[in-house]
Every structure is written in structure tokens, then in C-alpha cells.
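For clarity, chains are labelled A, B, C and D in written order, and residue numbers in each chain start from 1.
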């Protein structure tokens, strides 16, 4: 389904970039869980446009309104609907060029598929759609915390060729948010920020890689065949706007090694559990989490909206010239960080609820004792 | 669901590596389509173990038996069940070490999740499971051919650092199958073959990258939000055994470019349609196919079963030494080629049927005329 | 899923009786369809409380607000969210007795399942939830009209033992709405109305049977095994509040006949098509529509909220006395008529879209020509 | 989906009446459960044709073959595939009349939908398909027994107007199987048997009502809106061949009462739990089980295959005369008893697994203690 994600914890999102409202309905949430909506709002603020000089100047408060599914701050187990009213929608910048297909945008493909298109701001294809995901993900994260001690941290790991050095075993959210780029390597972060400003000054845009770790995930999440945990993570990541690549664990670089170099030896953890001494598997083996930190990376292409003249065609198939207007980010990466975290939370919680549905007991502790 | 793939064209697979049989049930197949099961068998033979000296010596005929859903060679629209009897199952090689967790295999995680495990040959986690996918994919491919002129070609693009040079616009299946490695660059293929033999002689294994192109896919397949075409492709690919990474179009290398460098300009195709003059988008924009060739890559890690001593632990949490027995490939790549093609076919057909369910008309021609 | 209905045309509802808002998200709607929202509102007005002296005095305008999925009155193919703000929510009547389990209500079972409950007005279990279904059904009905010439008419067929005489082949909506009871047999309708007033005067309630016909449904809708058309209709009907029974065609009375008496002979329709000379099958054979009118009935029990003292227990398991307050209908039947029609529309459209997804062509005309 | 049932415990069936084999794949079964396949076979034998002089003389051993998902008699949690080879398939009786539409069968509608049809024995539309359901249901029943103490008993309650008197609170399986009719009221059973023989001697057939009780179901199964427990039961029952009606609890007769007469008073059970002193709700309130016995009825029409001449049309739309051949039951009711029980088991287990997926703890005891 186009706008439905998940099997057990199921989110259904809606809303066009410049329509009346966006939102999400969460179906299947465990009942009786006290939610801190200030924390949900904080995640939304991390995704919000206009939060720093590195992002689009569009001003949206993105204040959530919870209209169902919660009583006195606790989940009822019934569908939770969360709404976001559009406040700074301004279609005028798009009207003049609404019949001109923006290169590497969804305008042409949307017309090809549906024969109709909400042209203002990209309609449903706008990254504004992710406000609903981040809200749902922030709810999922709090539910996960009631089930275990899962900690999800994403950061900007590379911007073009500018590669940060980050210890995925130790990095925490406060490190990530120390700068506007959301890169915990302060020195490289400064270079990244400079690069973004420089590129933006030319009307151009850049991309890069977000990396994410989930610590404290117990062994046992994921299904062995089609719904492998890394498969569902890959789908979740590639469903984000501008995502073009995905890796789990050693990813592409792991293909350079031999099997003896790549395998992760199992060792006793000293307290009755089993761990691996390396983690090239990225915390997932055979599609199922093994209790080690889950590590993934996501490649985001440079933003397609550039403020220089581009050759293209219009909906009549005629050659046209496009000079973008509207308000756009020069780099999606800083705002992609909370999006990646949100989607990881949705995947993990969905699998956790499926796990206890089929197998029944609460999942074991992260480092599983074999007894 | 663990072993169910697809929404409209839905496949449900079953079977353990060393159980009585493996198979697949295909639900939702369009009716009245004449299928050539010799072609299905030919795809199965490409995946089959023991087909060359580069792969496992396990001997399985992998002869398909169609037990339902077909009458006089035509699909009935009812569920099509396809069976494969295990013939060369031999559990003895696994029995002695069944309680020893093989590094980077699914033994430990299966125990952690289910508390029970079919230990012979990896059970459900065995790559043998893909026989069912390849059968379903070969059916899907023929159904796709009745809907349009889709052509799906995968090949081994890189083995460790050995990078082939392949023209994705021109490569055809017969080029791929010219050598046992399934790399259409003959010179590099020879190096790859030598590398595999050399590594195998040391009891070790290697990985690499399979690349795949789907030509003739019309504009309009894919959904705008969670079920983006690249998201479903990513999930399908990461669900394959040993897959660790995925790219669409420019992938990770696209992150090095700026937006002006990366965007694909639209141009008239000279006969009323619209194409792009470059294809860094890999045939997908905004989650929807744009009529250009779809291009993806998949990273496969080196095979985990190595024939050298490895330190590990057993199911009691005690340190143990493992020396692998059984029959295994030194490199999964040649046999992964038909698996990748099969999963691409399943994804494309599922979206095609969803497309015409929602929108109703047959999808337009690949290079879409704008009026 | 608790609050999701449908496979291809999928509706996800939300909202508590006395919460901030109720609503529905429709996913998978065909694009480019011009919708008349005044007609949708008209259906909502038929379901609305306070519309006649026979129904609850709760005053809700039930004005729909469409916040996404529509541009200039046409469907975009993206999720359509429709909202209803609660206006006359008044929890005070429920507060005093919130811990007392109302007999034959969902209070006890909701506590048993979730351990938490929105006690005001029944929360999610309130019939107020059906406002969202009626909106979605009214949209589905208009989509159906663009695909064919389906006409759906329901009416109150029996109230207690008061049985109307209605020609299901000829009855139209305007006949149904001629009186407040929504029974097209004027004489029996008057008796029904009198019965309702009499019973209400004693603080009591009544039930009965709604019957529904769908004319113009083409042959070919429905699936042969689990998703038989009558199976999905049965589920849809039994999901309505207070529904306790379902029949298709001859239903329970058909069990009194023999096969030779019950079978519907096929006959040529005189213009190249095939019809049946009787319709004991109710328009469905082998789970698939046959082109004849689809006929079903639904039994609704008497409303559980009675305004006389009742013995019950409270949430502490202690004996308690309950005297209902709040605002309630003495008979659900008149307002159930648009609910039944809405659910029939959802079932038919979902199967229609699934039909053309799998089989591809538009379904044939209702009276199907055999070549 | 046509041949897939369930959300958490998901069964996918396949096979034509006269094809190579029928079967079922069960996905999502809890792992580690010891199954007694002799008991599964015993249920299959209750459904089997040719078991008494009251049923079709077709001889099928219906011996199950389990090909996956089980190791040493225990479930692995992986898909369990169960096969049934057709042994007594004989298409010759159908060949001569394959183009003549049998009245009230699925021949015409299958052609209308798919344009192709397995004409021998009804193909997929044959009641032979239920062999797969009964196998899956018998597995589900054993899984249910590991979760609680659920007991499911169905019986023939009425044949035409011959109404049995059965105490649903006390009836057990052994009473049901005392006679070939499967009616625990011996006196009425004798009349029913005589009626069946008499009707069959005229080449005619009869129908009636099966009633089913599920005792020991804990409070808490079922979802509040679309997936109400009675809604899923209704769908499951109406998906059975020849089913035409469904009731839960008081059903249609409940519509004759007033609310004060119909409501089930809650009372303490004397040991800290809550029960109702009557059970007109049939064990389900607000879509959720309340711990009281679940009671439903299903109406089955007379079998459509009669052995007298019938007027009909052929696939060319021409008037034709049909005299049935083949082997058929004069009354489906005795064999429907295990089918009804199987579908009830599938519904209850699916909701049980969903319950513990969302809410997490094992469901409470049948008569639920309030603290």
C-alpha cells in the first residue's frame, strides 16, 4: 500500500505539501503506555524546516495535534491520529512552472502514473510528508523503551567526500545535535557546514551518507526469509526522499574481504551470554538480530531542486527552461537524521510486536544468556 | 510475514534445506496465461547447485512439479503450487556440530528467536530456500512479458576488487551465461574465476557485487511514499542470503556529486515521448518508474562457511572449535544472478498488478508519449 | 487490523466518541475521479444523530472536512483524509458510572483486552465510529458509479415481528427515505414508528432486520475460497455495531428447501447474455457475483442502553445498579440503513479493484454476453 | 487474497478438485509445539468423502503429508506445508457436460471472472478444497490447547425443519460423532438420516443449520471495529461452500426481543471473576470475547448437484439440459461439522496471536478475575 507501513504497528500517513493538513494514523499500538508528547515534539523540531540557516526558510511550526487514541496521556490501544496543519503553504512560487517537469523530481512520474498531480511543492512527493513519519517514529521509540532499552542514534557520516570519524559504539544523541550539520565529528562538521554554505551560494546542492546505530536490540527480531530485519530496514530507508543506497554492517566494503576475514567469531560475554568479538554483520545474522548493535548506512543524493537554469520539457513534451523557485534545503542530510531514526524505530517495534505475537514471551535481554 | 512476498502477486514459500520438500504457492496470478515451464526449469538450472566447478557439489535436480493452478499449460488464476523434492539431502555432515554456532550464520539467531532449529544444512535459513523464489520469479517474468516487453538482466559486476566493465544498456542474458562466473566482461571473468579457485583452494570464500538492469519497464510503477519502487527492490534484494548492500541508479557514488551534476535532464525522444538524457536516477524518480532502464546493484558478503578452523561457542555458551563440513559454494555470486533477476521480476509484476488495480488502464508504453 | 478495512481500496478509521475528532484515511482510491462532496454529506446526514424524533438527541453536525487527497474536487490517488470534529461531546453523563459495566456493552471486554478504556460514550466502541465508514462508503459509491452502474439500496425490512413487504427488484432510495423509519412499506412503517415510540416511552429499545440490494453489479466480483464475496459482505455487516446475523440470498429460509427447489436455473436473457430465472443465490455463486442483484439481510439486536434500572457489576467485581444516562437511540435500524449501504459499497469497490488488478480488463456488463 | 486466511496465523491453500494435489502452507505458527498428527488425520477423516453411506462415494484417503516446518514432531516456527495427493480423481464424468453451466454452481461465475476454468469436479470451487482448511484448523486447535483450554464443538442442529435439542453448554465431540449425521440428539438424528436417504433416493438434496460452541475462550479476543470477533467468524463461515447465513448468540431471534429482555446481566462468579447470567451475546460483546461460551450458527443451503434433469444454458448461451453425473453428497451438513470447527479454530488462534502481539501478556483466564 502506498502510504501504509508495518504489519503489527501499522502507520498510515496522508497529506500534500500544500494541502490542508498532513498526518498519520497509528494502528496496533500497545495500550496503557504513558507517552511524553513533548519528546515527540522535540523530534519533530529536529526535522522541522527553518530550524537553522542550513535548511529551507519555509516556516512551519509542525505542532502536533493528537486527536484520538490517547486518554490522560496514555495509549488506549485504539488508532492514534496525529495532525499537522499547514501554516506557511504558499503555492504561488510553483504556479508559473507547474507544467514544467523539474529534473529528477516526481512531477513527470506522478503524471505518468496518475494523470493528475498536486503541483504545489511536490504534493504528496514532498519531503514534507516525513513529518508524519517522524511523529510515528517518535511514538514507536517511546513504546520500544517500555519493552527494552533500545537506543537509536543517527548522524551525518559523510557529506560528499568529507568523511567523519565516529565511534558507533559510543556516540549519543547529544553529540549529534551539537552542531547544525548533525555530525558528531566537530572538525569535519565544520568543513561540512562550510561546504553546504559554499554550494548553496552557487544555487547548488549536495548529498552524502547518514549512518545509524541501534544499541540494546535483543537477539530475535526479524524473520528468516522475505522479512529479514535488514530487508525491512532497507525498504524503510529507501522509502525516504532522496535515498539511493543502503548498507548493513560491512556493506559494500565487506565484499572486498574473504570469508575468514569477514566472519564474526562468537565468544562468551563473561556473564553467561554470547556476543561476537567483531560486528561486521551489523547486528543481524540470517535476517534476525543477534544482540549486537545494529548498524546501517543510507546514501542520500544531492537535492534535486537547484537554483540555476536547467533544460527540461513541459507536460506537452516541449523543450522548456526551468529556474527553480520555492524554498528548499541545499542539503537534506541534517534533517534526514531524525527521519532515519524514526524509520528504524518503526521497523524495530513492528518486528518486536510480531515477535511476541508468534513466539509469545518477551524477547530476551540484549546479550542473551544461553543458560 | 516471514515467508510471504507481495501484495497483488503473492508468493508464499516453504521448506527446509534437508526436509522433505521445498516449494512455493503463487496467489493472485493473472488467468489464461500460457506458461513455458521449460523456461522456468532453465532458470532453476541456472540457480541449481553443482552446475559448475565453481559451486557446491551438492547434487539436486531441482525438477519442478506443478501441482495446481495450471490447466493445459495455462494459468487458472487460482493458486499455483510448485514443489521441489530434496534428493541429495545428507544431514550427517551437520550432526556432529549441530550444537556449535557457525560464525556469521543463522544458527545462534534462530535459536534465540524460536528456541528450536532445523540444524541440518541451515534449515530454513539455507540458500536452498531460493529455489522457490527463482521458480516464482520465472513465472512472474513470463507474466510480465504478456503485459509489456520487460527484459531483466543481471550479472556479476565485481568480485572483491575485480571490477568488470559492462554496458548496462546493451548487455543481454546470453552474454552473461557465456562463462561460469556470469560476468559478461570476458577478461575480468577469467580473473574472477581464477580468484574463486585460488580462494577455494585455501578453504576460504569471496563476495562481490551483482548488478541488474530492467529495460522496457513503463513509466508508472511504484507508489509515492513507503512502497516506492526502489524501496521494494531494496527489500527484495536484502532478503536474499548474504546480501549486505543495495544501490539504485548512482547509489553511493552519486553522493559525491552536486545537484546540478546529478540531475537527469528531460528531453523529447523525437517521437512524442519524454526521456532523460542521463540516467543517474536509475529509472526511478519519486518512487515511480520513469520509463528509463531500472538499474540496481546488490552487495553480497563472502560466504560464511569456510573450510578452516574457527573459534566459536556452542549452544551451552562454551568455547568451541568449528571445522566446517557439508557442501558449500566458495562464492555465491554466479548463483545469485538468477536470484536477483527473480526478485526483480516479483517486484515489478506485483507493482504492475497494483498499478492496474488502482489506475485501471494498462500502463503506457515505456517511452511515454505525453499525449 | 483493528481499524483497517479493505485490500485495494483501504480505509483506516480513528476516533473516540468523546475525543477530539473522528475520521478516516482512504488509501488506494483511483485517481482523477470528480467527487460530489455534497452527496457524501447527504449520506452523513442520513446517519447523523438527532435527525428525527426516533433517534438520539445528541446534536452533531457531522460536517466533513477533507484535508488531503483531493485537488479541485478530483481524487489525486493519494490518501484521502476526512475529519469530523466532535461538537456535542459531553462526558458528564458517563462520569458517575464509568466504573460500572453496562450490560451487553463493550465496557467489560475493553477492560479485559486493553486494561484501559475511554469511558465517555463508549469511546472507540461507540456507534459514533460509523460516521467515518459512512463517509468512506459514500466516496466508494461514487467511484463505483464511474466504473459501472451499481445501485445500492438498503431499508428496514423488519422491526421485531413487524415485517415489511418490499420488492427488492424495484425499491429505490427515495422510497426508503419517505419516512423516518426508512421502511418503504408505508403501512408497516407507521406501525414500526408507533412501536419505537411506545417502547421508548418505557425506556426500552428494539431491534430488527435491515435488507439491502445491490443492482448492476457485474458478474466476476469475489474470490473463490476465503474471500468469497458473501464472506466479505458477512464480515462487513457483522462489524457494524449491534449486528448479530447475516444472510445472503435465501439465507436461513433456503435451508428448508431441497436442491431442486433451491437451484436457480440459467436462462438466456434474450440479448446474448445469461441470467437466472430465480435469484435464491442472492447474486453470488461460488463466492463470485453472477450479475443478478446481490441481496443480503442483517439482524440488529435491540440497543443495549435501556433507561431502566439494571443489575450489573463494577470494575471491582462488586454488584452494582445501573441506570443509564447519556443520549441514545431507542432503535438503531433507521440509522443503520446508510451504514449497511456504506459497507456494501466498500466491499464491492475493493473487489472491483482487486478484480481488475488480477484480471486486467474492465469487468463485463452486468448481464454478461457469452461472446 | 483469494486463498489466504489470517493475519498472524496465516494459511494459504491451493489445489483443484481433480488436479495433482491439494494442500496448505501455514505461516506464523508458534515454534516448539509438539503436534499429534494422528489427531490431525482424525479430523481429516471426519471430513473425508466416502466415510458413510450418507456421503459421496468418492474414495480419497486424504492422508496428510507434512513436508516442512516440523522437526521430530515439533513446530519449527517456519512455514508448515501439508500435502494431499488426489487418488480417486476421475474427470470423465464431467467431460461431456463441461460446457454446460450447472445451476447454482460456480461454473458460470468462474468463466465470467477468469475466462478459464478447471471444469473437472468444480476445480478450485469444489468442496474438496476444504481438506486443506481442516488440516490447518486441526493444527490450530492443538496450538490453542497449548495456550489455554479452548474446546470447540460443532453439530448438525437442524436439517430442513427437523430441529434438534442440544445443550450447548454440555455437548461434547463424542456425542456428536455417535451417529453419521453428527447430530447429538439421537431421536432427531434418526429422522434426519431417514430424510437424507429419502431425498437422495429421489436424486435430490437437503440443507440445514450447523451450530458451534467454543468454550474456554478467554475474555479479550477480537478487535473493536472492523475485525470484531463475530465479523471474522462470519467471514470464515460464509467462506465455506454452500454457507448462506450466520448468527452469533441470539442471532435473528434476538431481534424479536426488547433491550431489557435481551441484555445479559453481569454477575460475580463467586471466585473473583465476572460472568453473565445469560448469554444472548454469544460470548462476544463489542467485538471482543467476554469469557462466556462463543456460540454461532451457520446455514447451509441444499447441495446444488441434484440427480434430476435441469434446464440451463451452455457457455455459448444456448439452452441446454443437464443431468448431473459425478459423485456428490446428498447433504453437506455431516461433513460441514469438522469444517466449521476448523474455521473457528483458525479465527480464534489468529486473534489470540494478534492479542499477545499488541497487548503482550498471555490472555487472562476464561472467567476473568478483576484484580
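One rule holds for everything that comes next: contacts are C-beta pairs under 8 Å (C-beta built on N, C-alpha and C of every residue); 3 or more make two chains touch, one makes a residue touch a chain.
Quick caveat, the model's predicted, so the values are computed rather than measured.
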| item | value |
| --- | --- |
| Per Cα centroids, the chain farthest from chain A | D |
| Selected interface, A-C versus A-D, where C-beta contact pairs are more numerous | A-C |
| Centre-of-Cα separation between chain B and chain A, whole angstrom | 26 |
| Distance between chain centroids, defined by C-alpha means - chain A, chain D (Å) | 45 |
| For chain A paired with chain C, centre-to-centre distance based on mean C-alpha positions, whole Å | 39 |
| Per-residue multi-chain contacts in chain A, two or more chains | 1-4, 13, 28, 31, 77-78, 113-115, 124, 224, 359 |
| Category of the chain touch graph - line, ring, star, complete, other | complete |
| Chain D-facing residues of chain B, complex | 1-4, 10, 12-16, 19-23, 25, 27-28, 31-32, 65-69, 71, 74-81, 83, 113-118, 123-124 |
| Touching residues on chain B, where the partner in the complex is chain A | 1-5, 7, 13, 101, 103-110, 112-115, 124-125, 129, 158, 160-161, 199, 204-209, 218-228, 230-239, 243-252, 254-268, 272-274, 276, 280-282, 284-291, 299-306, 308, 310-313, 315-319, 355, 359, 364, 368-371 |
| Residue numbers on chain D that touch chain A, as the complex places them | 8, 28-31, 77-78, 224, 353-354, 356-360, 362 |
